[in-house]
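Two complexes, one shared chain (chain A), two partners (chain B, chain C).
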Partner chain A sequence: MMRGSGTARQFSTQLAVIGSGIAGFAASIFAVNRQIATAQVGNTGALAYTTGYLDLIGKRGGAVVVDPWQALASLRESEPKHPLSRLDTGDIRQAFTEFTDFLGACGLAYSAPGTGNLTALTPAGTLKQTLCVPATMAAGARALAADAPCVIVDFKGLKGFSGAELAANLRQRWPRVTTQRIVFPGMERGEIYPEVMARALEVAATREQLAAALRAVAGTAELIGLPAILGMHRPDQVRAELERLTGREIFEIPTMPPSVPGIRLRELMQQVLPQKGVTLIPQQRVTALSFEGDGATLALCDAFGPIRVHAQAVILATGRFLSGGLEAHPAGIREHLLDLPVTQPADRADWYRARYTDPRGHPINSAGIEIDDSFRPLTGEGRRYHERLFAAGVILAHQDWIRGRSGAGIAIATAFKAVTEAERFLAGRQAMAPGAPPLQCH
Partner chain B sequence: MSSDATTLETEVLIIGGGVTGAGIMRDLALRGIQSLLIDKRDLCAGASGGNHGLLHSGARYVSTDPGAAIECRKENALLKRLAPQCIETAGGLFVAVQGDDPEFADRFPALCQHAGIDCGELTPAEARRLEPVLSEKLFKAYRVPDATIDPFHLAMLNVDHARLLNGSLYRPHTEVLRFEVAAGEIRAAICHDHLHNRRLTIRARQFVNAGGAWAMNIARLAACTDVHLLYAKGTILVSNDRLAQRVINRLRPPGDGDILVPGGTVSLLGTTSTRVEDLEQVSPTAEEIDRNIREGAAMIPALAGARYIRAFSRVRPLLQPSGTTDRAATRGFALLDHASQGVDNFCTITGGKLTTFRLMAERTADLVARRLGNDRAGLTATVPLPDNEASSWADPAAAPKRWHHDRDPDDMILCECEMVPQSAIEQVFANSPDIEKERTIDLIALRTRAGKGPCQGSFCGIRIGSYLYDRGYYRDATGLAHLRDFLDERFKGQRSVIWGPQAAQMELAEALHCGLLGLDTLEDE
Partner chain C sequence: MAASAIASINFKAAALELLPEGANFEACLSCGLCSSGCPAAGMENMDPRKFIRMALLGMDEELSTTPWIWCCTMCKRCQYVCPMSIDVSQLVFLARGNWPEDRKPAGIVRSCQLATSSDSTSAMGMPPADFVAVVEEVLEEVRAAQPDFRHLQAPIDRRGAHFFVNQNSREPMNEPEEMVPLWKIFDVVGADWTYASKGWAAENFCMFSGNEDAWREVVRKRVDAVNQLGCEVWLNTECGHSYYSMWQGIERFGLEANFRLESIVTYYAQWIRDGKLPVDARWNSQGIKFTVQDPCMIVRKAYGDAIAEDMRFVVRTLVGEENFVDMQPNRSANYCCGGGGGFLQAGMTEQRRTYGKRKFDQIAATGAAYVLTPCHNCHSQMHDIGRFYGGHYGVVHLWTLICLSLGILGKNERIYLGPELRG
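For the complex of A and B:
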């Protein structure tokens, strides 16, 4: 792969995806499914902060959304510039299906997108509407709906996950929920962490000891709710075995970030995508992106020196402030890589409302870059920045993914659209210049 | 009046839980006089809690108000001796940079000497060796005995000591609505108890108005029209890191962005001064923030790119000046006995500054004691302020030190930024005012450093909430509503300085609090 020592290593590919959040990984998955040679680069971003829930639209105007597909229709009416308003419902459904199928095929089972939202549990005992959940979490929603006798078990030393809090806030809706605190096997003293617990549960002996401790407190409960700690790489098997050993149905509840379900997604992608032929250069920030006549060049650097990626098309999925796609400066919000114009409030004083939890959300949340119908970013004059450049994810303007409970939905659906458009562009190019190799190392 | 109204009796009612009110309470208790201290919000909710925490050497006032300078010098020395647990003897520098008036700089040591303030000249190189953040454009530097003082810790210890001495009590969330006046005397204060949402009548022999910026309004409730205050809004920024070890003052007449004060693990940059009319609605503006940073950066260039975690504004009460500017000649204090106003048992103490709180309290207590026929002298200039471990959790420097001393691995740290463990919460509850039976996040937020660090409560708020549920203090959705209110309150201080890494942190916090936990829509859950 090296062209020579001292100079930059060079990669050529059809599609370069910049960003390693859900949008970036979704884009790589869709590209893999379409046999597009792909390189994915950029910081791993906020993936470890996700709960594992895949929201489409969970709230609108502060109100619960039962049917996100119906909400899409009204969104198109009231917010035509919202990224989800610019997509076909069929495409959005297909995007979710492809994404969850891919994860399932790789060993991380998810519920398929249904006709309506699921009602899922949060670590505070509040409820959250979401479209798809990891298989390890699905039983919680069902048990809540059925008021099944359930014990939520928490652990001595695990901060920020309180069974008492969950039960106190759920009890009105779920009278038969109770809670118990136990000691995690081998972690009797001091603070313990979900990631460490999850890795410990990859070991059979730990599972057996935990199952014994769970049996001792389960009483008449038919289900056991646990913080999301059921293994890192094979959570479905860990859960199945604990169910066998305890004789109860078991489900996970998300914890405070960084959470195990987010780390699972990240580790799975990092393992699987290279196996599928994706050139993955994670954890590195792209320092420059330039366009020449015959393609785009990404410049970045890793521990072994500089890297150049040459691509026929580029998808910008660098996220917002947390992932570094956008930067908030006292003088204004800027897009980090190309200095694309960012639609934003006129004045810094207007970025945030007076009240933090204002259900209307903060104006800064809707800031972002502008795109045309082919999801190509626009310049200040309203022209395409470049025919080879596409954008996806929450960097796009005119959406508030937090208040709308639509982060994963925007990421997955817009990545689908951007890949589809990039594929169309690449096909056109290929028709003109047949025989372009899918992935070439100089 | 509603049927559940209650009546309390006390010798002296002190209105206003700033450091002055707390100081009066202790001073009276040392003379054997029992009192009740009330605040419409809580300890240090006004200017006492909204300043740099600077214990002036007096050097700041040598050019504008030599009298105040001498007062500060004396109180500084006295408090360092009697309340060392609340003070960090950081030391201070006065520095002039290119563009500042060299004549003013040259006059400075003589003015200090005149006020009896220990002041030594440093070469620019020496000053920059002590504080490497100082500008290369520095041309003059002096060291002075500035220090920092934690007003929350100080107020709590004064209240604690008064309670220990003679059972004097403190009641937060108690607001005076009107006074019952008869025959030239106030008989009772009719209050609203915000905690229990009911009326409360407080009868007393003497009434003290230590309302700070609110003193004029409170005096008017007793038809006293001799309190004349102007309101100066001051805006201060808090940086993520401690940028300097010492207090750094700009060597020029008082102005914007001219002081950087260390506060435990952070630094505080201030202060802009703007005349305002409204006492309740004050928040930092982008313009004030930018002005502070611009001016401060002339002295300390790193301030231009520093990460700020908070900015806050408070109103300082200024005594009506006679034709001078807000910054000059108005930082003194005034004690009004209201004898000319037709009430004999009411007085108002206002103006002044944190450094002279003890002196203000002493003068007030002198008047109150005399009126009560108590001839015992004040003792606060000689009796050390006793320590109380539970109150020290408010001190920015105390918590981490102690945690390293006696660490029990099961005593988990709930606020990781400021090292506040579970045991601190239990101590604070055990020591909290009697009327606060409720064990809430708010109580912890006021009486510990929890939520004051870089994460500003985003994570520790959740952990503390969970812990309070675990302990059974919360048993229903109230805990989540309190968590939301706590986060809303912390946000007020963050809102004006969210850029750079703070914007990233805010995105994560909002995703967690609103996106996941749904704290933005608790009502419809």
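For the complex of A and C:
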């Protein structure tokens, strides 16, 4: 019998996380911090599309939210079924703190969750509210607020990032912002991608060449704004090095997907979690999930053949349509793995309102699965689907994360809750020793 | 004589047949993660996203004739990073096979023709008798020149041996002394192994040429050779695509293989764990830094990260934890070096080196003095781009370092080591 076509490879673990978006990775981080043996599986999802900003609540009812913690209080009153309404504010804050601390310890520094939202730049030169930003991006908003002399530099061949567009949209609030276009070292011809530029900047020689090109156009600017290209694995070091070489403060502005901050997060997680003992199979879709008396079994298949993961508890963080957690069929929306009931408009004709830009959003965007207070999915009769099953992320019903600017917040906070509840379940079952290990990253 | 015309393929229809459920063209979001992460993006005015979009638009003639299919190494990184798991490489393989032989890159075609020309299946055309002669000659030399190895064995056609060991033709053809470290390792661990006069070669460029009949023929000869000797394991030595072409060939063509396919990397790790290969890093008192290149063909396209972890265990043990620097990205997310897919043989030097620039940057970012890799195509490509882009690193086989660590590496077995390790 040939290897690769034989019996399934078997893994056993305490907790299986299904999904490799922010919710899935956050769940693994929280589980690692709690010394829960974890396997994370599920396809890549939309993680690579993130700007790098971690939103909690950026908008409510179409209005900008300055204080997301206050917004949480009003959310609880107006939308009690919203996933964030089911969580303690302290837990949400701890979830963000733990998540950003972990990233920081692994070499991707983030601002800690503050008392209010931060104002952040978008690729179009508009502004948005967010809770935590990568350290590489923090200086942009500060410079804007201070009207510091700044040059935004874009690159020949780089699509979706225009210094002229940014400057035009920002100039009313930021009169001293200017723009320049340069050629990226070694990429004189054709279309170029932020990912490729970022990887090239991991090399000292490329940094030196870019710094020389930046110095040549920086003029009297005190800051240089760049698309998010400051390295893939050592962005804070790359930024510091370019600042030293140019004598200016440098910050990143997110780009359109496929963007570096998302790839950074994905590659960081794929690098670090296995080092911390997580069995990570991030690019394969789970095809079946079943529950037996003593646990759950996940079935999947990679290039090499079938895999089975046996777990004591499972967190479902499979996302929405893009990631495959939910599927839209002519007869309605379905949850693909267990066929969990999906709360949704009664009729397909009601999925969307007449106007795409309707500030109230569209009913389909609040479709999702139902959970109880322990974040266990519910059956159509309102009973727990299984005591070993928990859910997290934007697969949950009663939220519209895009209009609420709350995607990362829902993902991180609900993952925290799901892991907390899974830990409680596992402790009850196995008298697991409590206590989180010290935060470390090698 | 005028070159043959290239027929047009209906790529959209082909994709519906080839791509698994849930991974069809219609699922493409046009997000560009594939192209962003592809070293061949932009060459010949093509990239994976554009390929998919053009297929969807029915631009079959352009896709059927684009030379980009010979720049794509079919490494499957685009599929790996695609949220929808769309596999462009299958369409590229289809397009390659559709090109008339006289239009395909001559080097790939020639390598395939040579492989099918003898029972050796050697892409360099080395016949069985020559291989046997070279092995015997080198063995004699080692026995004479290295007293510690006067008993060394290199069996050929030994029935019932546990391991049927393959060999990349480059060694017996061009650098036969490079076979010796492998034999010494087998000697140290007491492996029950044999070469074969037939089907011994590792490489299979017929697969890269898109010639399915020839691919099948090469794999069939190898399968027959292993079956005839009754070996339990076909052991793929340090050659990446050899494993993939054999594994996929057996499955694709429904061949009956009465043996297991294994990679020597798995055994290096196992022998070290079992104490049979007592290697350590004491030799590396200078703190020389090493990185590893994950061959697409045995990591992303076959075993996945498990074998990448085995390789890291081996290398960390060999060079010292503090002297190992991982390339980024790595394991299943690693970039193809640009030596795969027949690129090295295709004669498209400028494109190949442009492709390899990303690998060069990856290596340069590690600051490592050496790259270790269990793949000959990776080895040759990284060696070439290192020289072309002014790098200061060496490329070595794992077997070299294992024997170096064991203190049994002969003086003439150090051709890929720098002066500080030539001894």
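Criterion: the second predicted complex is superposed on the first by the 425 of 442 C-alpha atoms of A that agree within 3 Å, B and C clash if a C-alpha of one lies under 4 Å from a C-alpha of the other, contacts with A are read in each partner's own complex, and residues count from 1 in each chain.
Just so we're on the same page, a contact is a pair of C-beta atoms (placed from the backbone, for glycine too) under 8 Å apart; a residue touches a chain by one contact, two chains touch by 3 or more.
Quick caveat: nothing in here was measured; it's all calculated off a predicted structure.
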Q: Name the contact category of A:190: first (chain B only), second (chain C only), both, or neither.
A: both
(Q) In the superposed model, which partner reaches more residues of chain A, chain B or chain C? (A) B
Q: In the overlay, answer first, second, both or neither for which of chain B and chain C A:49 touches.
A: both
(Q) Tell me the contact category for A:358 with respect to chain B and chain C: first, second, both or neither. (A) first
Q: Please work out whether A:162 is in contact with chain B alone, chain C alone, both, or neither, and reply first, second, both or neither.
A: first
Q: Tell me which partner A:232 touches in the superposition: chain B (first), chain C (second), both or neither.
A: second
Q) If you stack the two complexes on chain A, which partner ends up touching A:328: first (chain B), second (chain C), both, or neither? A) first
Q) Now for A:19: first (chain B), second (chain C), both, or neither, which partner does it touch? A) neither
Q: Answer with first, second, both or neither: which of chain B and chain C does A:347 touch in the superposed model?
A: first
Q) In the superposed arrangement, which partner chain does A:140 touch: chain B (first), chain C (second), both, or neither? A) neither
Q.
Shared contact residues on chain A, chain B side and chain C side combined as an intersection?
A. 46, 49, 189-191, 257, 322, 324
Q: Would you tell me which residues of chain A are touching chain C in their complex?
A: 1-5, 43-46, 48-49, 186, 189-196, 199-200, 202-206, 232-233, 257-258, 263, 267, 270-271, 274, 280-281, 283, 285, 302-304, 322-324
Q. If you look only at chain C, which of its residues touch chain A in the complex?
A. 22, 29, 31-33, 35-37, 41-42, 45, 47, 80-83, 85, 247, 250-251, 257, 259-262, 300-305, 309, 326, 328-333, 357-358, 361-362, 364-365
Q | Residues of chain B defined as touching chain A within the complex | A | 283, 285-286, 290, 409-410, 412-414, 459, 462-463, 465-467, 469-470, 472, 474-477, 479-480, 483-484, 487-488, 490-492, 495-496, 498-500, 502-504, 506-508, 510-522, 524-525
Q) What residues of chain A sit close enough to touch chain B in their complex? A) 46, 49, 51, 59, 62-64, 122-128, 156-157, 159-162, 164-165, 168-169, 189-191, 254, 256-257, 320-322, 324, 327-330, 347-349, 351-352, 354-359, 361-362, 364-365, 401-403, 405, 407
